[in-house]
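Here come two complexes built around subunit A, the first alongside subunit B, the second alongside subunit C.
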Partner chain A sequence: MEIPYIFTPRKDTGLVNSKIAIWLFLASEVMLFGGFFSAYVYLRLGADYPWPERSLPVLPGLINTFVLIASSVTVVFAWAALKMRKWRQFQVYMAITVACAALFMVLKGIEYYLKFHHQAVRLHDYSIVEGHLGYEKEDGKLVLDRKGHPIEENMIRIKAEKISFSTKRYHAAWVEEMLAEASHHQAEINLEADITLVVEEGKPAIEIAKAGAPLSLELLNKIKDVHIAALAHNSQLRTVALREAWKTAHEANPGKKDRELSEGVGIDMEALKPSMLGEIPSVTFVVASPVELLFKPRDIKEGPSSSTLRDDTVITGKMEDSPMVFHYVDAIDFQWLVMKAEKKGIAAETAIENSWLMKNHDFVREAWEWHLKQTAKKQKALNDRYGFKKDGTPVRVLTEKELYRMGWKDLAEKGVDTKGVKISGFDKLKEEFMGPNYDARGNETFEELSVPRDQIRYASKFTPSWNNYYAIYFTITGLHGLHVIGGALVLLYYLLFGRKMYLSNPEWLANRVEVGGLFWHFVDLIWIFAFPIFYLM
Partner chain B sequence: MADSIEEIQKSKKTYLAVFGALLVGTVLTVLVAEAPGWLYWLDVGEHGFDKWDAIVGMLIAGTKASLVAVIFMHLNHEKKLIYWVFFGAIFFFACLAGLLALAKGSPIFDYLFYK
Partner chain C sequence: MSAKAASHDSHDHHDDHADHHHNPGWLAKYVFSTDHKTIGIQYGITALLFLAFGFYLMMVMRWSIAYPHQPLPDWMGWIFSDTWKSRWLQDGKVTGETYNMFGAMHGTIMVFLGIVPLGFGAFGNYVTPLQIGAVDMAFPKLNMVSYWTYLAGGLVMCASFFMESGAAKSGWTNYSPLAGFADGQIVNQWLAGQTQWLIGLVLLITSSLLGSVNFITTIINLRARGMTWMRLPFFVWAMLVTGFLLLLAFPPLEAAGIMQLMDRVAHSSFFMPSGLFTKADGLADLAGGGSPLLFQHLFWFLGHPEVYVLLLPAIACVAEIIPVNTRKPLWGYKSMVYSVLILGFLSFIVWAHHMYMTGMGSSVSTFFQTTTVLISIPSVVIITALLISLWGGSIRFTPPMLWACAFIPMFGIGGLTGLPLAFNLVGLHLHDTYYVIGHFHYVVAPGILFGLFAGVHHWYPKITGRYTNSFLNHLHFWPSLVCMNVLFFPMLVQGMAGFHRRWYNGGDAYLEKAADSANVFGNIVREHIDLNIVMSYGAWALAVAQIPFIINFLLAWKMGRKVENDNPWDATTLEWATPTPPGHGNFTFDVAIYRGPYEYSRPDCDKDYLPQWQVPDKNARVSEGESEVAASKDTH
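And now, the complex of A and B:
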C-alpha cells in the first residue's frame, strides 16, 4: 500500500500527512509528560517528609543539557543539509546527533548506577544515614555468593533450626541457596515427620515421605503436587455439597430469597470427611546441626525467634547480630527528625542531642559539633550581608537542609578542615560527576558506622522505593531516557538507510528527517524542564 | 516554511543564535539556583530555594522551551492545523496545572488529615 501525501502536501491541510501525525503524537506526549509533572507538583506539595532539594549532582545534568541542546541544533542542520541536497553534510550532522544521544544515555546511566548502589537507612528516630555499604569478608578476603558477587554487609543472619515451607509456593532459588549453604557447613536438612496422606478417595492413606528424608526440590515438588491435587479435589467436593444444600433449601422454602435462607445453608463437613483427600499446607524440615543462613533484608520479615521469607517460608531460629554496616558514611540527615520533633513541640537541638546516632557514635557527635560552628559562620555571613529586621530577626536565614543535614560536601570539608585530608584536582572533578570519592578521601572523611537491625525503620538504596522524590525522578527521567533511545534509533535509521530514500526523492527523506527532528526537539524540550526541576529545585 | 536555499542558509544563522541563547539560559538557570560566591545577589526571594526561585527557574525554562518550539520546531511559520493540535494540548495541560491551584488549601496537602 502506498501512503499518500508523504512529500507533496495535502490540499486541504497544506501539510504532508506525516507532519500532522507527528504533531498529534507530540500533543499526546504533552499530556503524558504534563501528567507526570503535575504528579511531581502534587507529591512535592503534599510530602510529609523533607523533600530532597538539589540532591543530584548538577554537573552531569548540566552537561547533559548542553549535549541535548547541541543535538537539537545538529538535527536541524542535518535537515537543512538535505534541503540543500548536501548528502555528506547530512551524514555528519546526523552522526553527531546520534553520538550526542549516546553520550546523554551514558551520563544518565552513570547517574542511575550510582543511585542504585548508594544506600540509605532511616532509623526509628527518623534520623537518616546515607553511604556505601561494606562487603562480607573472611580472613581479609571478600566472601562471594554462589554467583560470584560480593555480599553486602546488610544481610540478616539466622541460626536456622527448622524451616517450614509453604506447599503452595516456595522460591526454588532460595531452597537451592539453603541447601548449598547447609552443605557448605556439612549440615543436613531433613524432613521432621512422616508424611502419610490419603491421595485417592476412599483408599487408605499412603506414605508420601519418611521422616529424615533430606530436603530437595524434588521432594518439595512431590509434596506440593499432592497438596495442590487434594486442595482441588476437596474444594470441588465442598462446592458440589454447597450447591446441593442451596438447592434443598430453595426447594423446602419456595419463594424465599437467598439472603433470607443464608443462615440455615451450610455444609456438613463431617459427612464429607470420608471422601476428602489429605492436605498438607506446610512441611517442616529440621536442620540437623543449626546452620547460619543469610538473607537479603528485602526478602525476609525478621523476628527474634522466627522469621518469614517472602515466599511464606518460616525459618525458626535465633536471629544473629545482623547489623547494616556502612563502610563509608557520606551523609547524616536530621531534617526529618527535627520536623517530627517540632510537631511535638520539642526543640531541634534537644531532639538531635537525644538521637540514637549522637548517643552511640562519637564521630557523629564530633561532626555535628563541627557542623554547628559552620552553620553559625554561614548565618553570620548572611547577617553581615542582609542585616536584621526591625524585630531583631535576621532578614535571611539558613535553610533546614543547611541547618540539619551534613551532606558529603560538608563531611569532605570537615575532613579537610580538621584532619587535613587532601585530594587531587582530578579526584575533585570526579566527585562532581560521581559524588563522594571514598577511595581518595578514605575513612578519615567518610567514617564507618554500624546500625543494629532493631534501630532500622526503613532501609533502601536510592531507588524509587526510597521516597516519592526518587519515584517520580526515575519515572520522568526514565520515560525521557526511553524517548531519547527511541528518537535516536529513528534518526540512526535515516542515517544508515536513508540513502535509498534520498536517491528516489530527496524531499521524501527531508520530510522524514523533519518529522524525526520534531520529535527530537520535543525530547529536548522535556529535558529543559526536567533539568531545573530535578537538579536545581 | 523556509524552503529556498538562501532562506535556509539564513535560518542556519538563527539556529546558531538560538543555540547560544539556550546555552546562556542553561548556565543562568544553574547560577540562579546556586548563586555561588560573588553572584550571591542572584539568589532571589529568601535564602535557598523558595517559590521565587521556582518562578524564575520556570520562566527561564519556559523561554528556552519557547525558543526551541518556535525556531527549531518551526512554529513561527506553521499551518493553522498544527497550532490547533499543539496549543490545544498545551491548553489542556494548563487546565491540569490549574487544578493544582484549585487543590491548594485542600486537605490532601495536610498530612495530619490522614492521621
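And now, the complex of A and C:
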C-alpha cells in the first residue's frame, strides 16, 4: 500500500499532499496568532491603566527583524539550490538559516533575562517605581542564605514562634524549607501538645505523638494519614446513619415528599459518638527559639502578629520590617496617578506634589523639578516649530508619557546634566541593547530607594504578572520563540539527515524543504506583526 | 435477490487482500496502528467509554437535584473510595462544590471527549477514506498521533478527579475570573484540576488540529479517479466542513487556554479585571486590568462552530442511511451541499449570541441576533431535505433506520427550541435557565447521539462482518426515545418558569419561606420542583435502556448474524465495495467512479441500486447520460 501524491503533484489539484497540509496548518496558525493579536487589541483598547508604549529597547528587536528576514531569504536559496541539484550550496544556505534562528533566540533570551531581573512596584497612590532590587548586606558584604545565594531585599520576614499546619494540605516543599532554615539557625520546631486519638472503632485512644516531638515530614504524614482515615470512617458512619434516618422517615410517612420531611430527618450524633474516630484538622508546633523565616510576598498573606501561607499554614509571630529596597531606581512613573487624579478632578501637579514619593524622598522631588524644566523646554521647542492654534493653544503638546514619566534615559540625562556623570561610547551602545548601565552610571544617576511594605499596592518583576502589556508580550513572543525553535529543528534535520532523502529522490527533499520554508516564512511574518506592536507602538 | 446482485459486480473482492507486504505485530496492528480503520475503531471505543463516564457524572448530578437531602446511594457511589467520598461528599450528600465539579466535567467530557471523537474521530476516520476510494489517510502516522494525543488529553483531564484539588469546577465554559481563581489554594498550580483541564484542552486541540489537516488533505487529494466534487457522498462533504471548523475555530480557544494558563501559573491578568476582591483573600494580588469578556469571546468563537462539529457528523450519518433504507436518492443533494458550506461559514459569525447578557452592547447583540436567525436557514434546508427524502420511499426499518428516523423530529425539537434563544429580548428571560439546557440537550442527546447510534448500526456489518441484533436494538431504541423525552422535555418547562441551570439542589433552597415576598422564586419553584424527580427517573431508566446496546455491541462482534456479502444493505457508496472487514489498503481493485452517490431505484436499471463503482454496461437498456460516458472514457 502506498499513499499517492507524496512526490508528484496530483494532476487536477496540482498539489502534493504535504503542501495542502502545510497551508491548512498555517491557516490554523493564523487563527491561533489571530486570537492573540485580537487579544492584544482588545486588552489595549480596554486598558484602565496607562498602556506602556514603546517601553522595550528597539535595537535588539530591530536586529532580530533583519536576522529573521535574512533567514527567510536564505531558506529560499537553499530550496532553489536543491531544485538545481546543488547539494553543497543547499548545505551552506541551510546552515545560515539555522544560524540566524540561533542568533534570534540568543538576542531574545537576553531580552527576557533582563526583564526577569527588573523590578517594579505600584504604590497605594498609583505612582510606580522601577529599578533593580538590592541584596541584603551587612558591613558592605552580601548576606548569603544557607544555599549560598544572596538574599533579594523583597522578602517578608517573620519571627516565627508557632507554626500550625492544616493536616489535609501542607505543602511538603515548604515544610522542608522551614526545617532546613531552622536547623541552619540551630532552632528546634517541636510539637506543642500530645496527640492522643481513637484510631480504631471501639478501642481506647492511643498516643500518636508526644508533645515536644520534633517537626518532620514523616510525623506530619503520619498525622495526616490518621486524620484522613478518621474522616473516611466517620463520614461513612454518618452517611449510613443519614440513609437509615431517611428510610425510617419514608416508612413512617408514606407519600410525603423529601422536602416536607427534611427538617425532621437528621443524624443522631450522640448515638454515633462511640464509633467515631478522632479527627485532627490542624497540628501546632512551637519554635523553641524564635527564628526568622523569609517568605516570597506572593506565598503569604502577612499580618502583624500572624500570617497565613497559601497552603493554610498559620505562622504566629511578629512580622519584622520587610521593606522592598531598590538598589538602583531607574524610572519614576506618575502616569497612572495622574490618570486616577484627573478622574477625581484633581490637577495633575497637585496630585504629584502630594504623592508619597515626593513627600518622602528628596531625590524624587529633585528629579521631578529637573524634569519639569526639561518638559517646559521640550514644549517650547514644539511651540517654536509648530506654532499655536487660533485659540492660543499649542498645535503639538507632549504626551502623557513624556510629561509624567521619568524613564532611565531621563534620569541618565539628568545625571549627565547635574552631576557630570560620564560614560564611554561603548557603554552607551551597550545600553541600547541592555538597558540602563547601573555600574557605569552608579547611584549618582540611579539612586537608592526603600519602600515600606505597607505602601505597596502591587509589586512584580517585569514578567507577565506586572501588567497585560508584558503578559501579552511574553505570550506572543514566547510562542513565536517556540515556533522559531521548532522550525529551526526541522530545518536542521533536513540539513543533517536530508542526504539520504536527497540521494533517493531529490524532489522528495525539495518538497520537504519547500514545506519547511513555508512554515519559516510564516514564523517570519508573525514577527513582522509582533515587532511593531510591541516595540514601536 | 439483492445478494445475487451484489456478487454480480464486475469485481471479485471476496478473498482477503489484507496487507501482503509486512506482517505487523499485535501492538502495531491494534494499538499503535496507522490504519485509518483501526484508529477509527480506537476513537469509537474510547469515545463510547467517555460517554458512559459522562453519563455517570450526570446521574450523580441528577441525584443531587432530585434528592438534595439524601446521601448518594451506594449503587452510584461505589466507584469512589471512602477517602474520596469523605473529601467530596458531606454526610454522603453531594455538595455544591462536587456538583460543580461533576457538572463542569460532564459538559467537557460529553462535548470534547465523547461526541466529537465519536462523530469526527470514529466515523470520519473509518468511513471517509473508504467513501472517496483512498487507500488510507494522507498522513497515517499523523492520524495515529492524533488519537494518542486525544487520549492523553482526556486522561489528563479525568485524572484530576483524584488530585487534592479535584477536577475543574468552573463549568465546561471555564469562564474567568471564576476559573482564574479556582484552586488558588493549591501551591503547585501545575497540579491543580483547573490547570490540568487547560493542559488537557491544549492536547485535545492539538489532536483535532492534526486530525482536521489530515481529513481535509485526504479529501482534497486522495479522491479516486472519477470522484468529482459533486459525486462525493454527503457524508464526505460534512466531514470536509467539520474539518474546516475544527481547523479554524479551535485555535482561538487554544489562545484563550494558553492565556488562562498564563493567568494561573505566571500570575498574569489577561482575564482578571482590576479590583477583584474575594471574601477569603481580600483584594486579589494581581495586576488587574484584564477582560473577562475577552475570554468569553475567544471561547465562543470556538464554542459555536463546535456545535456544528458535533452536529454535522450525525447529520452525515443520517444522510447516508436514509437513501439506503428508502431506496431513493437523497432529495436535494446539491442544495444540502451548498447549505452545509453556508452553515460552516455562518457558524463563525454567530458566537456572541451566547453572550447577550454580558453587557457587550446592544448593537453587537443585534448583529449576532441577525446572523443567528440567518443560520437557521441552511439548517432547515438540510433537515427538510432529509425529511422529504423519506417521502414516497419504500422504507426498510432496519436498526440504523429506526435511529435515523427518530433523529429528524428530535433534532427538530432541539433546533426549533433554539430559535427563541436567538433573540436578545427572549434571552433576557431564558438566559442561563433550564430552557437552554433542555434546548441543547435535545440537539445533542436524542439528536446527535441518535444519529451516531444510527451510524454504529449502519457500519457495524462493514466493520465486523456481522449484523447487530434487531430485537436488542428495539429494546434499546424505544425506551431510549421515551426516556430522552421524559428527561429533557420538563427542562423546557422548568426553564420557562425561570429555573436556573446551576442550582445544585434543584431549587430546594428557594422553598424555605416560599411565601416571603423577597423570595421571588419561592412560589414558582414550588410549582415545578417535582419535575426534578420525574427527570431523574427518566435518567435512571435511560441508563438501564443502554444496557441492551452494550450487550448488542459486544455480543454481535462474535455472535451476530453474518453478512451475506460485502454490500449487505445494497448501498451505492464506495465503502461497500471493499472486503468485509476491509484489509490494509482497503480496496482490492483499481477504483474508478462512474456516477453520483445515490443512484437508487433508477427506472432504467434492473436492480434498485447502481453502485458508484460499477462499470457502465455498454449494452444497458438506456445509455447512462453524458457525464458517466465521459468518465468512463477517462478510465481507458
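The criterion applied here is as follows: the second predicted complex is superposed on the first by the 510 of 537 C-alpha atoms of A that agree within 3 Å, B and C clash if a C-alpha of one lies under 4 Å from a C-alpha of the other, contacts with A are read in each partner's own complex, and residues count from 1 in each chain.
Everything below uses one rule, namely that a residue touches a chain if its C-beta (ideal position, glycine included) is under 8 Å from a C-beta of that chain, and two chains touch if they have at least 3 such contacts.
Please read these numbers as outputs of a predicted model, since none were measured by experiment.
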*Which superposed partner A:E188 touches (first subunit B, second subunit C, both, neither)*: neither
*Using the touch definition from the top, say if A:G34 reaches subunit B (first), subunit C (second), both or neither.*
both
_First (subunit B), second (subunit C), both or neither touched by A:L24_ = both
*Partner chain in contact with A:T13 - subunit B first, subunit C second, else both or neither*: both
*Between subunit B (first) and subunit C (second), which, if any, makes contact with A:E177: first, second, both or neither?*
neither
*Per the overlay, which chain contacts more subunit A residues, subunit B or subunit C?*
C
*Just subunit B (first), just subunit C (second), both, or neither: which does A:P532 touch?*
first
*Identify the partner contact of A:G46: answer first if only subunit B is touched, second if only subunit C is, both if each is, neither if none is.*
both
*Please work out whether A:R243 is in contact with subunit B alone, subunit C alone, both, or neither, and reply first, second, both or neither.*
second
*Pick out the shared contact residues on subunit A: the ones touching subunit B in one complex and subunit C in the other.*
13, 15, 20, 24, 27-28, 31, 34-35, 38, 42, 46, 48
*Mind listing the subunit A positions that touch subunit C in their complex?*
1-5, 10, 13, 15-17, 20-21, 24-25, 27-29, 31-36, 38-39, 42-43, 46-49, 168-169, 171, 173-174, 228-229, 231-236, 238-240, 242-243, 246, 257-259, 262, 265, 267, 297-299, 301, 310-312, 458, 460, 463-468, 470-472, 474-475, 479
*In the complex of these two chains, what residues of subunit C are touching subunit A?*
19, 21, 67-71, 73, 81-83, 85-87, 89-93, 135-136, 138-140, 164, 184-185, 187-188, 209, 212-214, 216-217, 220-222, 247-256, 258-259, 262, 266-270, 274, 281-282, 285-291, 294, 297-298, 301, 508, 511, 529-530, 584-585
*Considering the complex alone, what residue numbers of subunit A touch subunit B?*
13-15, 19-20, 23-24, 26-28, 30-31, 34-35, 38, 41-42, 45-46, 48, 53-54, 58, 62, 65-66, 69-70, 72-73, 76-77, 80, 83-84, 382, 385, 396-399, 401-402, 517-518, 521-522, 524-525, 528-529, 531-533, 536-537
*asked:* Touching residues of subunit B toward subunit A in the complex: what are they?
replied: 3, 5, 8-9, 11-12, 15-16, 18-19, 22-23, 26, 29-30, 33-34, 40, 46-49, 53-54, 57-58, 60-61, 64-65, 68-69, 72-73, 79, 81-82, 85-86, 88-90, 92-93, 96-97, 99-100, 103-104, 108-109, 111
